[in-house]
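Listed after this line are the structures, all set down as structure tokens.
In the two complexes that follow, chain A is the common piece, with chain B as its partner first and chain C second.
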Partner chain A sequence: MTADELGAAAATSAAPTPGARPGAAVLRGGNALLGLLGFATFLALLEVVPRLGLVSSDYLPPFSRIVGALGDLLREGGFWAAVGDTVWSWFLGLLIAVTLGIVVGFVVGTVPVLREFTASTIEFLRPIPSVALIPLAVLVFGLSIKSTLLLVVYASFWQVLIQVLYGVADVDPVARDTARSFGLGRWARTLHVTWPTALPYVFTGVRLAAAVALILAITAELVIGIPGLGAEIGVAQQSGAVPRMYALVVVTGVFGVVVNVGFRALERRLLSWHTSVRSEVPV
Partner chain B sequence: MKRRPLVSVLAAAALLAATAACGEDDPADGMTSIKVGAIPIVDVAPLHVGIAKGFFREQKLNVEVINATGGAAVVPGVVSGQFDFGFGNVVSMIIARSQGIELRALASGNSSTGRQGADFCGLVVAGNSSAKTAEDLEGKKIAVNNLKNISETSVRASIRKAGGDPSGATFVELPFPDMPAAVAAHRVDAALVVEPFLTLARDQGARVVASSFVDAAPNLTVATYFTAQQTIDERKDVVDRFTAAINKSLAYTQANPDAARQALLTYTQIAPEVANRLTLPAWPPQINRSSVQAVSQLMVEDGLVTRPVDVTAMLP
Partner chain C sequence: MSGGAVRIGRSLLALLLLPVVLLAFWWVLSADSTSFYMPPLRTVFETFPDTWSTDGLTEHVVPSVQRLAAGYLLALVLGVSLGVAIGSARRLRAFLEPVLEFLRAIPPTVLVPLFMLFAGLGDTMKVLVIVSGAVWPILLNTIEGVRAVDGTLRETCRCYGIGGTARLRHLVIRSASPQIVTGMRQGLSIAIILMVISELFAADNGIGYVLVQSQRGFAIAEMWTAIIVLGLLGIALAMLLRLFEWRTLRWYRGLREAQRGRS
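This part shows the complex of A and B:
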């Protein structure tokens, strides 16, 4: 999980140009079938490896047993309550982080003095893994959703902030000077020049933050025991209910895929005018 | 049951106690709402049985059980006032007391059955291990769920009692759910496992070489229900009602083990077939004071605390 956070952090510090997504273009070709075949092979391996006894089926049940446990889960009211808890803390945390990230990013990014003033502090705070704050969260907020929110907001805020800072810095000087010479005020320049430039960066930040927020929401629930999918995984683990545990892990994986696909679709729709998105369309 | 890393910051939690609000009285029906911090494990079955049987409602208490995954949150939760009461093992409490944190046990939590080879906790080795008794584990690698806690202290007691020298043993920390696999794969030479993993490990061929909780002290009190001294000072009445209800629950569950097995199906995910045959802990209504004293003594010998803790001050 920390690796994911680091990966996301590395991606941000590399200041990605929003258009540069070669992988996406390749995947969109005629290779969808191959991708499906690869996934089917993966599932077949999950079924066969435990059945052949390469790994004890006590610890890695065959995929069909996991599916069976998943079927039982879907019929439980408690499971859906846990899904609701996780979705709610993920959403709320993300909303707070994105709002804060955009506001702080624009203010800090457009005032050069402020940017210099905060740079070292941001670089110090950003790499602190959110999970290191778990003891603090437990002491201050206990087993409440506030603990989850603290971790989620802390981790995902930086994803948004850094992207917004890069976006604001990316404004074309000619466009900015033109706007100024046309007599546009600070507010109008922000709205018509800076905001459209930064928007693709904001979206990249939100998409990264959405994934990180999910990781931290599940982590907080699993480690602290705050109600949600993570806590359900914990209870299943402590009860030796192995297939159920894997079924819950699969659910969190599906959740992650849905979040990522959803935000990509949203990005494509809202930024359809932008070159970064247009270039993704195969010609 | 990972709570050790937090103990050092417990003092900070005490400062937060003033800000927490809990145990609200509802004047309409005279009921008091309380929060109990617990862990979803076999040991806390009486709490759930007591709630289901209405023993807490008799005392005009509305209980909300808050399950921490690892127990890491229970002691700080009680200290900071987020929970009115908590369930936790004796060693954690002694460590907290040794750091000047004012916790007080109210009732017995659970206890070893006191029967060698038929306890809810066992020191297991792989089926094909050469070890026959705990003495053979001298200098070996042993998994416990928490370093510097009741497990480590009890395993040392087992080796000592079997005539061995525990000083050469290496202890590694491993969560209970991972122990059966680690033992079967010989990644560790032995592990101190509790139910339901003891039953699962045995199903996979593991052998019990010692019942370490039995070796640590006769009828060892493993855990207690406790609260902060501040709660006793300020809300004696609620504390007395909780104590009465939990004691009634303990007595009932001890006399009706099937009620405990039923309760396991509600707050854990233990398979019904396993719940029916696992070894339940004992739930005597009294704390075995001499066992707590013995554990405190063992903790000094093993260097978990620097000097003996005044056990009488922390027991009811």
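This part shows the complex of A and C:
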């Protein structure tokens, strides 16, 4: 994850910080060819290393065999059903976590007393690894999608909540006081002052949550055996279908890239109006 | 009473009130619980010493933490050294960027079955799994941090002929340290997840092993104690990292405050 993903941004008054990097886009375009070459080299290594016997091809099949297995997968109805299951539980879990995170974050963030009294509890609950809840999910919800949702929501909720809390705390005091002296009520201030300030933070939270949600969705499927890409990997592993297993791992990687790139593009598009200098907050 | 004492009392209250209320609620609501999955909290507490006595600690917590520490430290060394190398060479970075982008997008837990092929079921596999997941956030954040080193500082270093280790230590690593620490924090939570997952798959000791064994044996109170131990471990490690961050990034906080005019 890149530096700008971290604690997020929008320090309108900040001078250039170590996080800011102008001209990155220009460099990116000029280097696309080099990147393509890098990827080609990576694939070539994947093909050559097992063929030369540096690594047993039982463990690491040559790239061409992985592609072959991938081709077989793409023709299977069951595979697409698994993709659908994974996408659905990822999306649903992310939606619940984002909604909860934004609502709770705004309520807690805008009421100083609440913020003060919940700080310790949030700090305490956040680092609890969500995978600790796996056995509980298995016992209570079994192989249903609810097990996945429990893990996904628990893990990604904190990502959103923390960012929203930072965002709400970042409101410019002058803007807030101006709005107040113009007689804007609590609701109008939230809508016109707090929400626009917090938006870049909210987006960072959503982007982080999207990546975490994907990890947890696939992990839940893999470990518990809930239908989806994760479970397919588990089945392929148990039946010794190594190329198929690699092909499925590649699919999860592509899924991850799509999520990362897609949310970054969405953020740039939706926040293009935002003049904030993006920089990193050390938290 | 003086104002200071009132303030301290108030912040203590803020710190403790909600956790105590929540625990009390859990205690009272679960007291007569007949639900199989939610045993009374009292029962969980009573089971705690049995499962996590000195034997439980040495047999399960210590191996888990050892694997975690080995994997995490290895990921840290790998991530920072590779990150400094890749971050300082523009062409190398452009060459590797798409590959790294793809590799870090793979959910790290799906690599557990792959590493089981290579490294079997032992400690090596578990440490490798932890490294393979925790290294990405550290590596990518280090790259970002190194490439954003302040130009003036870099040229000042060159003017004064500072190079080699001194340059690395005082300019590159120091400038990138806020990003490195952020990567370390993200890496830590991934490392803990992978520690547990790798133990769920195949282990004869460790916290994850206790977790899955008690679940399979329907020893529900014991399962809850394992969840609590994992939670406590997560919190303890997060606090340790925060202490580290507080000590190493003191200069950075001062800088930010000065820049934002809030000193």
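Here is the rule we use: the second predicted complex is superposed on the first by the 247 of 283 C-alpha atoms of A that agree within 3 Å, B and C clash if a C-alpha of one lies under 4 Å from a C-alpha of the other, contacts with A are read in each partner's own complex, and residues count from 1 in each chain.
Quick note on the criterion: contacts are C-beta pairs under 8 Å (C-beta built on N, C-alpha and C of every residue); 3 or more make two chains touch, one makes a residue touch a chain.
Please read these numbers as outputs of a predicted model, since none were measured by experiment.
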| item | value |
| --- | --- |
| Partner chain in contact with A:Gly35 - chain B first, chain C second, else both or neither | second |
| Partner chain(s) touched by A:Leu143 [first = chain B, second = chain C, both, neither] | first |
| First, second, both or neither for A:Pro135, with chain B first and chain C second | both |
| Chain B versus chain C as contact partner of A:Pro127, first or second or both or neither | second |
| A:Ala241 touches, of chain B and chain C: first, second, both or neither? | first |
| Winner by number of chain A residues touched, once chain B and chain C are compared | C |
| Which of chain B and chain C A:Gly225 touches, first, second, both or neither | first |
| Set of chain A residues, in rising order, touched by both chain B and chain C | 58-59, 135, 138-140, 222-223, 230, 234, 236-237 |
| Complex interface listing, chain A residues touching chain C | 1-4, 6-7, 11, 13-15, 17-21, 27, 31, 34-39, 41-42, 58-60, 116-121, 124, 126-136, 138-140, 214-215, 218-219, 222-223, 230, 233-234, 236-237, 242, 245-246, 248-249, 252-257, 259-260, 280, 282 |
| Of all residues in chain A, those that touch chain B in their complex | 56, 58-59, 135, 138-140, 142-144, 221-225, 230-231, 234-241, 244 |
| Chain A contact footprint on chain C (complex, rising order) | 14-19, 22, 37, 90-91, 93-99, 101-114, 116-118, 136-137, 140-141, 144-145, 147-150, 175-176, 178-179, 181-183, 186, 189, 192-193, 196-197, 200-201, 211-212, 214-215, 218, 220, 223, 226-227, 230-231, 234-235, 237-238, 245, 249, 252-253, 256, 259-261 |
| Touching residues on chain B, where the partner in the complex is chain A | 5-6, 9, 12-13, 16, 37, 39-41, 66-70, 72-73, 76-77, 80, 82-83, 175-177, 180-181, 184, 196-197, 200, 204, 268-271, 274 |
